[in-house]
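Quick one: this structure, given as structure tokens, is what I'll be asking you about.
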Amino acid sequence: MAVNEPLNRKLRMGLVGGGQGAFIGRVHVTAAILDNRAELVAGALSSDPQKAKASAPDYDIKPERAYGSYREMVEAESKLPEDQRIDFVSIATPNHTHFEIAKAFAEAGFNIMCDKPLTFDLAQAEELAKIVEKTGVVFAVTHNYTGYPLVRQARDMVRNGELGEINAIRAFYIQGWLRQRIELQNQKQASWRTDPTKSGAAGCFGDIGTHAYNLGRFITGLLPDQISCHLKTFAEGRQLDDYGSAVIRYQNGALGTVTASQISHGRENDLWIEIDGTKGALEWHQEEPNKLIFRVNGQPIRVYTRDPNAPFASETHKASCRLPSGHPEAFFEAFANIYTAAYADMIARATKKTFDSKNSLYPNVADGVDGMNFITQCVASSKENGAWKPLKHPLCR
Amino acid sequence: MAVNEPLNRKLRMGLVGGGQGAFIGRVHVTAAILDNRAELVAGALSSDPQKAKASAPDYDIKPERAYGSYREMVEAESKLPEDQRIDFVSIATPNHTHFEIAKAFAEAGFNIMCDKPLTFDLAQAEELAKIVEKTGVVFAVTHNYTGYPLVRQARDMVRNGELGEINAIRAFYIQGWLRQRIELQNQKQASWRTDPTKSGAAGCFGDIGTHAYNLGRFITGLLPDQISCHLKTFAEGRQLDDYGSAVIRYQNGALGTVTASQISHGRENDLWIEIDGTKGALEWHQEEPNKLIFRVNGQPIRVYTRDPNAPFASETHKASCRLPSGHPEAFFEAFANIYTAAYADMIARATKKTFDSKNSLYPNVADGVDGMNFITQCVASSKENGAWKPLKHPLCR
Amino acid sequence: MAVNEPLNRKLRMGLVGGGQGAFIGRVHVTAAILDNRAELVAGALSSDPQKAKASAPDYDIKPERAYGSYREMVEAESKLPEDQRIDFVSIATPNHTHFEIAKAFAEAGFNIMCDKPLTFDLAQAEELAKIVEKTGVVFAVTHNYTGYPLVRQARDMVRNGELGEINAIRAFYIQGWLRQRIELQNQKQASWRTDPTKSGAAGCFGDIGTHAYNLGRFITGLLPDQISCHLKTFAEGRQLDDYGSAVIRYQNGALGTVTASQISHGRENDLWIEIDGTKGALEWHQEEPNKLIFRVNGQPIRVYTRDPNAPFASETHKASCRLPSGHPEAFFEAFANIYTAAYADMIARATKKTFDSKNSLYPNVADGVDGMNFITQCVASSKENGAWKPLKHPLCR
Amino acid sequence: MAVNEPLNRKLRMGLVGGGQGAFIGRVHVTAAILDNRAELVAGALSSDPQKAKASAPDYDIKPERAYGSYREMVEAESKLPEDQRIDFVSIATPNHTHFEIAKAFAEAGFNIMCDKPLTFDLAQAEELAKIVEKTGVVFAVTHNYTGYPLVRQARDMVRNGELGEINAIRAFYIQGWLRQRIELQNQKQASWRTDPTKSGAAGCFGDIGTHAYNLGRFITGLLPDQISCHLKTFAEGRQLDDYGSAVIRYQNGALGTVTASQISHGRENDLWIEIDGTKGALEWHQEEPNKLIFRVNGQPIRVYTRDPNAPFASETHKASCRLPSGHPEAFFEAFANIYTAAYADMIARATKKTFDSKNSLYPNVADGVDGMNFITQCVASSKENGAWKPLKHPLCR
């Protein structure tokens, strides 16, 4: 367990959510234990106590730590001796429940890996940020696409000045799976995402628009200033947006666009980004994550591949790889890289009693607040016909 | 000359513009004569009379028909016997001169192939449309990208209902060649395009944004309603926009976006379009023009290739091909297809004294007005911080 | 642990090889436990006993089951009570050691996951096949590329007759990492692979040519007849081939080609295959594993994506997925799919005392023999200037 | 006509072949006149005198120069005054007629643009080479794919040493149009190509295998030594090969492979080449001709685009472009570039009475002989089960 030094043991994981029919819970667990640095020991796998317990064997959780609710879990785990209780909890439930769960675990001192968007609304997010600061727990939000090695290479290139001043960010997240109203057929993923009482004020823009926005922020570090947004609902009768386009003014004068769709036939999970700087330009596509395109006028197009041994690979790129070049890595590994980055802080907290959450490589609670602010202002702007809304948030890093 | 039947001779072409240092003049001629259906017989190749005459041998124009100015050309050609004078003139000059040249030739009864954008401003465009209607000449605007066989296939597919109702159009035109202020080095192409006295009210959006907008209109036939636009100038000191993003509301409720850049490092001529319908979605890229991607949820992605013999090829697709599949066709052939479509009307006008300009496959003067209206409203909206401006124009088809 | 039913517990894994500096050992473990269906409990991680024990903590193996040699491991594990001893061993050592290790574990009744190529030479492979048959253990060879969901879709499509009769197979495996003689710098991966006393009779063709050959066999099921091969060594002084080309005659009259290189600059792990049938043709690339291209004359090209929910997905394709479409899966997951298929047989063996190894989805010992026969005949043919050699092997399935 | 200086007039072209139903004749003419440097003035458009004359108007050839046979054409054109008679003839007829036509025109002193393969058999080719040498005419063979700007860039890069010593050439030409026996339905293109009395000893390898072989020779300049070839006929009853694979030993020790197919479903005109050198490697695809991929270990992949203004563009690359980057050029322009290169020699012959055919950029009669030798030895080797045959030819350059 060299990589967990000086802790010298696996981290103990708890899971809230992830019961039968769920998708992202299993992803969290697979990612968390991919490198054999953590083990899942406890769970409150469903909001239905019976289902919660029934799901436990699928995750190899022992019956005595298969809890009927997250409240029961907080209470019971808190009472366990320090060398048994979980180190962190992963929250993989619908948006509207994140706040209360995260609050309970944070106040009990547990580290948290929380799905995005952070909360149901901005007020909850701001409140949660305060709680996290006060309790001093490690708190990561799984904007998982920032875990791809070449996304991190892109970020390093921007921050090293290889692109010069950033002028434009074009971020897209195009899907097609909600083209039909499959929420009417009780498709679990679709049902809560299209329900404003569970998903929050936005549908498409909350679910995937935030990822696209976050990706641009992560890579460039530009601070936002204002946003103008147009949301649409194309599937008749749906209550939340399933398509939208936003324009962002960044504080340095750059112009950003975020386009997101859940109604584009045959598009699967097509998150991509193009970044224009005065010295060079970058392009990256989530569906072909092992390539990063760098262009400079007058020079051949350069395709950087994921390659931990390449002289051109940045340090975070190298550290984010598990396989040599040409052996493709993908979604799980990127997701795991968010965990890995958070583990470093969890180990620091456990052993040194301190860690620097402000500069974390993983998306932290401030990024979660930024995302909720983005959603809030998108919805507000769209309701006012695209009026510009402030996008600066005091917590934004 | 079977294809010019029943005219039974080559069409006679005149050229205005195209002198030394020019780019698009040569393209017009190459395209016009590609199929051996026309011959270039006269020209006023430069606004500088001496240069005009000196350029004539490059085009194989006889000295007696190498005119010092377009005015001289109109006058002289009008006096030639009907079986010698030009059938049409191609106008390949900077934007600010289109109007007066086109007016002069139209009023003398000559058919016109005019470069885009149509004129210097909207008022000129509207005036020109009236003149064209009054004189009854054939008038085409070289929105050349509509000449690609698979763009026409896309249009046929939309119009046949294969995509269902159109919900979204995302059109992009991304270039990088104006990243630096090469206009300061007397680069001829850059100089007039960045000069508001020659280019008109918009730079990037006039030069290439119009192409992207036009492409969406051509394929879908959707009528526009309103536009909100944000233009930027990233090259310091430049007078016109070199980047921008616009949102369009179509009359059927669809949402369009047009994004155009001239400052994206290493991007060459990256015009592409994505169209979402209720039944299917299309994607096409100008830099790989022999492929058209069609997606329907639950079905394999379908790649249509340019293939005049394919059972899936639409009639206009087939008729727009010169080579079998796999033998790539490209820019010149697409440009030539605009000419070819206009030739049909020129021959009809010459032989039957009538033609249906309203439903022409080639972009006509109404499309030119639509483009000028787009530019005008983009600039107006951008000046007012993205305020919505009407994009309906009475002449819009 | 529903998926391990009716065994109702995790499978216990042992590992031979994988110590510090190794690559494939870690891959085996990550793959084996990806779905939480197995746990690594024992290992003989290096041929150097001290290094073996020192590596154990990296794998979270308890000291008492960190053995100094595979012999020690066989002996000790055999003595453990049935409910503690390992269920299977993974052999991730250089080729020349596979035989003795596999023999020892098989004869002690342990199931085996063995790296490819199967053994040092064909005689060993044939001997091993006999031992496997006699002992009745589950035996898989990690021709891991057959684990990709779309490779399995391809196989299903061929076997369902969608391609008609197969006429041609073109398989390629192009790498560049051995362009320079990095074996002279003690690069561990390069050193044994280029050393005939460890790698066997072939270098490039043993290491990767076998994968390309196996992929064609797996997808099409065609039985080989004869082979003509040309091997080359382009890095001066190297003892084994680093490039080669082979032509294969299949028993049905089809023609196959296998081309493999380790000296092609900048090529990473470019395994790809093209298969021509009388009714359709397939193309798949390992570096973009989530796409499979299917072509039929006169129809649009069809791109099948990895999509467990697609109506066009075959049953084995669906069962081989962990994530929805557009969330890319890659190398680890494919590797894990070999394990998963073998687990089914291990569970059957443990619970029902029987399993059908002849028709296993995972590559079995017969496939390993086929691969050794391929290497042997390639080398023989190449030595005789490309003379045709028989490629039928009695054990070939 | 600056580019025809010092000739100062258009070149006069004659055409043999190209009548109704033909394909390549029209391509020759379009290519020849693309730059307005030549005009078609005479033709013997079909072997059927009536059809020959009836086709003339399609090409705008005057009746008095629309000949009923090539013999009539040679005779009549020879009698015309020097300032009227054709400068060159383009031969676009089935293979078996090339020799007699070329012989007649060469002996009458006319320059020749001849389709490939050069002749019906090698003896004819060798005889023709002698005639060309004796008569001193300009003689080009339209291995048109060598006309692509980036193919010429590749050649310049190899010759400048950027790839180091060449070790391997993999050339492919994969089509699918002859999957069915469409020759039985009187498809004109298919009929003569599959008829040994018209096509010669090889089908697929004569028609397209030669192109792939030639492309490797053109780019690398490597001299061939020996060949081993396997030809197959997969469409039942067809008389000539429709698939094949050859291995080539070059004189410097490099290994080449040529793979060609006409029976691969859905493959259109997929000629591509991969070249491995000790310092770098190249890859180019005819169906995406505006990109050239250059790889060097440890460096990002470099994509060179067709770009006449790029600092990285070689001189022949630049001189082979008509359009700026991103405005795709394709098949016609590449074909025209063969003409353009030959025009330089025709003008030199006409004005200076001398030209250097040995080092021509266009494929010359020696390359034609090389191609016929390739076909001859492929067929011979294949008949002897892949026995090595010499591939050196004394005329090979």
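Order of writing sets the chain letters: A, B, C and D. Residues in each chain are counted from 1.
Just so we're on the same page, a contact is a pair of C-beta atoms (placed from the backbone, for glycine too) under 8 Å apart; a residue touches a chain by one contact, two chains touch by 3 or more.
Given the structure is predicted, the values throughout are model-derived calculations rather than measurements.
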item	value
Identity of the chain that, by mean CA position, is farthest from chain B	C
Between A-C and B-C, the pair with more C-beta contacts	A-C
Where chain C and chain D are represented by their mean Cα positions, the distance between them in whole Å	44
Chain centre separation in whole Å, for chain C relative to chain B (CA means)	56
Gap in Å, rounded to a whole number, between the CA centres of chain C and chain A	35
Chain B residues counted as touching two or more neighbouring chains	267, 299, 301, 305
Sites on chain D touched by chain A in the complex	294, 298-305, 310-312
Chain A-facing residues of chain B, complex	167-168, 170, 174, 176-177, 179-180, 228, 230, 232, 234, 243, 245, 247, 255, 257, 259, 261, 263-267, 274, 276-281, 295-297, 299, 301, 385-386, 388
Chain C to chain A touching residues, read off their complex	1-2, 10, 23, 26-27, 29-30, 33-36, 40, 57-60, 175, 267-270, 286-290, 305, 307, 322-333
